Every structure is written in C-alpha cells, then in structure tokens.
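Report on the structure given below.
Order as written gives the chain letters A, B and C; numbering starts at 1 within each chain.
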Amino acid sequence: MTTTTPTHYQTTIRLRTEGKSLGRFTNQVQEAVKESGVQTGLCSIFLRHTSASLVIQENADPDVLKDMENFFSQLVPEGRDYRHSTEGPDDMPAHIRTALTHTSEQIPIMNGRLALGTWQGIYVWEHRQRSHTREIVVHITGH
Amino acid sequence: MTTTTPTHYQTTIRLRTEGKSLGRFTNQVQEAVKESGVQTGLCSIFLRHTSASLVIQENADPDVLKDMENFFSQLVPEGRDYRHSTEGPDDMPAHIRTALTHTSEQIPIMNGRLALGTWQGIYVWEHRQRSHTREIVVHITGH
Amino acid sequence: MTTTTPTHYQTTIRLRTEGKSLGRFTNQVQEAVKESGVQTGLCSIFLRHTSASLVIQENADPDVLKDMENFFSQLVPEGRDYRHSTEGPDDMPAHIRTALTHTSEQIPIMNGRLALGTWQGIYVWEHRQRSHTREIVVHITGH
C-alpha cells in the first residue's frame, strides 16, 4: 500500500523504421520511465498503426530478428489472392502480421526501471516494404 | 504529475456476434471512456471467452476483414484431426485462433478520447460458426 | 469515482515448467490479487522470457492443451534452416511461438477477484524441450 498519489504520465515516441524488419527501442522507453519519475508502476506501450506491430524479443543475436522476419514472410506470403490490394502486395500481409503479433504491451516498473528479463528487448516491427515513421504512445502509471 | 486522485472505472459491454467474422465496437469503448470522465489515462479491454478474440485493425476497407478471416480459416483448418472435437469441427480452431490473436488490449486515453491512430478500429473476432453473445470488460484508470 | 488512494502492488511468481506444454497458474494469480487487497482494479501479468509465453485459454478439457501444442509444433517446425541455432533446434521456434502468442496479459479485478470468464484459465506456455524456471511479474493497481 502506498500513501502517495499515483501519477499518469504520457509521452509519444516517433520512430523511423526500415522496411520489413524489427527495430529495437528499449532505451527510448526506459528514458520515458526515467522522465516520469515512477519507481513502482506499469509502463504501457501502444502502437498507433495497423501495418506494423510490437514484440518483446531476444536482444542479443541479430540472427533471431532475421529468422523471425523470414518466418513471417513465408507464413503470410505476398503472392496470395487478397481482395484488399490497392496499396500494394505487401499491404494485406502487413495487416495479418500485425494481428498475429501485438499492438499493445505492458511492462511492470520496479525501482524506477522496466522489469524486463535479461534477454528481452522492445521492438517495433515494420511489416511494409518501405520505411515509415511510426508513433508509439507510452503511458506510465505508478508512484 | 497530477494532484487529483486517479479513478478506476469498470463497465461490461455485451455484443452479439455473427459467425466467423470481425465486428467493430470502437464507439462503445469510446462511450465508456466518456462515461468515466477520465481525460488522461489508460483503457483496458478484456474479452471473457476462449473462442473469440480482440484485434485492433484497419477501419476503412471491409475487404481487409474478409481477407483476415480467409487467411485464418486456411491457417487453422477445421478438417484437422483434433482430439478436442465434441463441440464441433470449429471449436478447436477457435481456441487456436484466439491464442494467435488477443484476449486483452490497452489503449491510452488523451484529452478524454482513445489515442487510436487514424485507421485503427477495435474489433471482436468471432471464431465459431454460429452467432454468440460475447462479454467485454472495459477497465479505465486515470484522472 | 473513488475517494480512496489507489495502490500499486507487485509480486513475482516463479514456475517450474515441463518441456513444450502449457501449465495453468490461475490460482497463484488469484492469490496475489487477494494479497493486494484490491477490490476494483486491473491485474497485469508479465513473463520475463523470450522462449515461453502467456495465454488465457480453456480450463476444462486437457485435450485442448495437447491440440494447441501439436498445432504450434507443426506451424513452427524445428527442422527449418534457421540462422540462430546454436542453442538447439527448439530455440528459434520457441522465439517465434512467443511472438505469435503473448508476453503480457491484463485482467480486470471485480469484487476482489479476477474477472475471468467461466472457461478461462491463465497459462504459461513452455516452448523449449526442457524444463525451465520461469518468472512472472504480477502488477496490481486499484483500490
């Protein structure tokens, strides 16, 4: 039980992605936690798009990210006969890949830091072929 | 930092689904946010079922929803030799499709409104062949 | 609206998993909710690993869990030519299966209990062949 009044802190992170790949932004989220001043709480991240997504994945071997992208490229191929195709062959697969992964993630904050495991990094996954600017809202509550 | 005391507001939305399709209910969630009076906070939605799920997906072209359903119908076919089949051939695929998508989602609230991107809508995805009534608990915290 | 000050309560659950299977731990999470004293709030659970994941799934028929594991074993086969393979053939599939399921889940708390549906249980899903000890951070906020 705490006797201090919990805060609700929000900030928006804008990230420039490269086509069809995973980009780590753990440090920007950790920076937001520091800015909030919250020691014990919850950090919620929300991606404002439907053709990119969030994943928390291994932060050590870059080959994991390549294998991940290769697997999803084959699982959701561009060559299928989709109805929704006006924005290009990569558009509908991008929506499906987003549904298969995550739009929001939540990470507890302990002692002023994200309670990530040793091997966990936070990634935005661009599912379109071209580079985009993606917006992520970080919401932090705690005290 | 805020000096007002944050609130915790809850309400339950009941939705009648059609078989194997996505139904948008963004407006009902937005209405709950308005009812809560929260200006800055977090809206958490939770689906109380294991054969339907939540996704945040594109709200413009209905073809996206049909392509999405078609893809998942083929990815998780009804014809497989599942052990769990007493409730019908669509039951076990429904559980798997739920695991592949989402039971809970979180959306930040800014200026009294859901901070969704321009193209984002909130959907309940019915994975059974028949219509069901599905319950969604909306939890809102903030001030 | 509440006039009491919301709390932020955290605890860590450690679970011993068996290889490639789902283990239910709903009771441990319910125990944490009881410990927190929160009557109306939100329970967030976070798994600190990248080769195991969380799912909320059916709690009655154990065959559902076997079908689930079989489906994912076939969807993400061990025999593929992954770049990342130094930790064994089950390692990269474990990362992919984690991305396809969940690292964090949120469940509302009503009247001091998790607002789970009748058939919902909370599971940790071990995606490696061998048994592991997995850490789950439970964060509870409410009043």
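What we mean here is this: a contact is a pair of C-beta atoms (placed from the backbone, for glycine too) under 8 Å apart; a residue touches a chain by one contact, two chains touch by 3 or more.
Computed from a predicted structure; not experimentally measured.
Residue numbering at the subunit A/subunit C interface overlaps only partly, since under half of the positions present are found in both copies. Simply put, subunit A must spin 120° to overlay its Cα atoms on subunit B, rounded in steps of 5. In terms of their C-alpha centroids, the spacing between subunit A and subunit C amounts to 19 Å. Shared contact sites, meaning residues of subunit A that touch two or more other chains, fall at 5-6, 75, 100, 102, 106, 141. Note for the complex: subunit A touches subunit C at residues 1-6, 40-42, 55-58, 61, 63-64, 66-68, 71, 75, 100-102, 105-108, 110, 115-117, 119-120, 141-143. In the complex of the two chains, the subunit B residues touching subunit C come out as 5-10, 37, 44, 46, 48-50, 75-76, 80, 82-84, 92, 95-96, 98-100, 102-104, 106, 135, 137, 139, 141.
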